[in-house]
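There are structures below to look over.
Both of the next two complexes hold subunit A, though its partner changes from subunit B to subunit C.
Let's turn to the complex of A and B:
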């Protein structure tokens, strides 16, 4: 019964979780929250993670009812993500692996989301829509890789939402995306916004630039409320995602869709995808919002799969990398 | 035209409690701080990379940089991460390794694990 400790910290969340044979024993997390109007920069985010990480590791072991000697491997996020936060988590993971005499497992963050989604969604081979603050990808498994069928050509959908929240000075607590979702429920007017889909790819930078240009004028003239703009942004961006996902479902003939990443928590996106899936005779896999947001347990789960396949990371080869595409990983644990 | 700048060199020796701790610290920091090839390309941290090595119970870091600003960033980053490594060891133990032998290697792989349900 191998038990894996997973450490995550590629963006503004830092977490530690323990997984044993498909059972999540613990999942502890802290979020670096900045004031309204501000994003999170690598340096301060790294310092936040440094201050919280060891407490989270202790809490994850305590919640799991385990001692260090019960752990069989240490998994950590190797990338992609921000350099300073990644380095903090990697340094702690390498230290723990050495002092406990355990194998080290360098996990691709995106693969962590997918493996946790597969575990919870109970779907062996789904199409994956991965939507977060740093990534927007439509993924399917083929020939031992998670292949990217479609992706954003510029900024991620979550980044687009976060930056629009900054423009409106919306609170970052609990998250800017959640607060946009709440405001959008009260929106009444759909403002026409740029809709950019190119094959299976999407683009959000034009949409964001347009909003940055027109928002002050629309608000000042009383032609739209912040609620209307949040509603319009969600409807436009999520329609783009739904369109490319439907196209990928048709292409791959997948029967299940897995929605992962922080933006997967958005109920409106879930609703649009569920409606599309139903019309196509496909099924949207169940979504557990606790594990959509970045977390240590998903890194432990992907690490568990790597350990099972003997895909261990040598200490000298365990350097972090900010750019680490999902399709760079050879998925040795799946046929 | 900007004046030609002379390269600055800084060497830092940090005394640690044991050879074992120094080796663990080198193993924890080396993969990210040292200029090694990695997937995705360049150094992920925005500072000059130091050359790291163990000298008995000391961890030695040496930077060569074009300006004091980059050097300061590199040293700060190194000391912050070293502090985390030492705090991790203090909190979770230094392990079974002895000072006269290298840290024990991980168990052989692939391991025979039960299939997932």
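Let's turn to the complex of A and C:
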């Protein structure tokens, strides 16, 4: 019964969670929230994580009802992500592993999302749509890799949403994406926005710069409300994602779709994907929003799979990496 | 044609249960013209085969997407149908092999094209050569032909937008390597090296994900492309740039 402690901190969330054989025993998290109109910079984010991480580890052990000697391995996010926050979490993970005399497991953040989704979605081999502030990828497993079939050619969909929220000075509490979603529900008018799909890839940078250019004029002239703009952004960006996901489903002939990452919490995106899946006779796996947002338990779960396959990270190899593609990981724990 | 879906006869039931095990949209309409047979149910369109004014024809009906806002759906369907017809004409005017457009119906967003009788997709051809274990050096000649074709298309400032090995057909007999470009729904006109570079990048990714161990084919294709196209220098440079952008994408999780 291996029990794994997982530490995450690749962006503005920092978390610690404990997983034992597919059971999530605890999952504690803190979020670095910046004032409206501001994003999160690496330095301050790293300092925030450093101040919170050990408290979260203690809380995760307490919630799980475990002591350090009950833990069998320490998993942490090696990348991809922001340098400073990653380094803070990795340093804590290395220290804990050495103090407790435990093996270390360096996890690819994206693989963490996928493994958690596979555990909760109860689908052994789904097509994965991974949408967050830093990543937008359509992924399928083949020959021991999570292969990227489609992705964004520039910024991630979550980044596009976050930056639009900054433009409108929307609150970052609890998250900019959630506030856009709430505003979008009251949107009435669909403003025409660039819709860019290339093969199985999408592009959001043109959409964002277009919005940045027209938003002040539209609002001033009273031609559109902030609600209309949030609505139009969601309708356009999510339709692009749903379109490439549908084409990837057709290409891979997958029967299940798994939606993971922070943007997976968006109900409108879920609704569009569900409509698309239903029309194709495919199934959208259930989504547990607690585990879509970055968290420690998902790193623990991916670490648990790695430990089971003997894929342990040596201390000398445990350096962080800001650029770490999903398909770089050899998935030794799946056939 | 589009992504392969299970081919089957058109269904007569006016309404099928949306949650049922139907791989199609909930309601499958009758064929647009009597005598047309549904041959393929792709992600984008239903493809029928039959006669149009006595000629072998393929009818492509865009499937309306319920997940999209109706106004957005209407705009995209119309634009893609129009773009497909325009680009096919542009190809043929430039002497690039593509099906003849017989008729475009903007009310139902459907398009009637020449049927390239007994053709197979490059995708199926590669599969069958690889399966047969025959000498695969022919595949390199095929790759050269593809590179030439795409160079000529890009020299016309035509961007395909969805290049895959299933969107290029081979006329029979396959030994002649007579290629036909299809599926121009995502195409557009642009002279920018950036757009041409991304077009090649899309094909490269499709190539490597659908045909593992064909790196040599794509390399050969690019070499011929570079040699054939008059404006290939900046395009190849952009392609290298776009590939690197791919790395950068995974920066923040």
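By definition in this document, the second predicted complex is superposed on the first by the 335 of 335 C-alpha atoms of A that agree within 3 Å, B and C clash if a C-alpha of one lies under 4 Å from a C-alpha of the other, contacts with A are read in each partner's own complex, and residues count from 1 in each chain.
The rule we apply is simple: contacts are C-beta pairs under 8 Å (C-beta built on N, C-alpha and C of every residue); 3 or more make two chains touch, one makes a residue touch a chain.
Predicted model only: the values in this text are computed from it and were never measured.
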| item | value |
| --- | --- |
| Touching partner for A:100 - first (subunit B), second (subunit C), both, neither | first |
| Partner chain in contact with A:294 - subunit B first, subunit C second, else both or neither | second |
| Touching partner for A:154 - first (subunit B), second (subunit C), both, neither | second |
| Contacts of A:3 with subunit B and subunit C, given as first, second, both or neither | neither |
| Which of subunit B and subunit C A:310 touches, first, second, both or neither | first |
| Partner chain in contact with A:21 - subunit B first, subunit C second, else both or neither | first |
| First (subunit B), second (subunit C), both or neither touched by A:323 | both |
| Which superposed partner A:175 touches (first subunit B, second subunit C, both, neither) | neither |
| Set intersection of subunit A contacts, subunit C complex versus subunit B complex | 79-80, 322-324 |
| Partner subunit C, residues of subunit A touching it in the complex | 10-11, 77, 79-82, 109-110, 132-135, 142-143, 147, 149, 151-154, 156, 159, 190, 192, 195, 197-201, 235-236, 239, 242-243, 246-247, 249-251, 271-273, 275-276, 278-281, 294, 322-326 |
| Residues of subunit B defined as touching subunit A within the complex | 24-25, 27-32, 36, 38-41, 44-46, 77, 80-81, 84-85, 87-89, 91-97, 103-104, 106-107, 109-111, 113-114, 116-117 |
| Interfacial residue positions of subunit C with respect to subunit A in the complex | 2-5, 18-26, 42-44, 65-69, 71-72, 75-76, 161-164, 186, 198-199, 202-203, 205-206, 209-210, 212, 242, 245-253 |
| Parts of subunit A lying in touch with subunit B, wherever the complex brings them together | 1-2, 21-22, 42, 46-47, 50, 53-54, 57-58, 68, 79-80, 83-84, 86-88, 90-92, 94-104, 307-310, 312, 315-324, 328 |
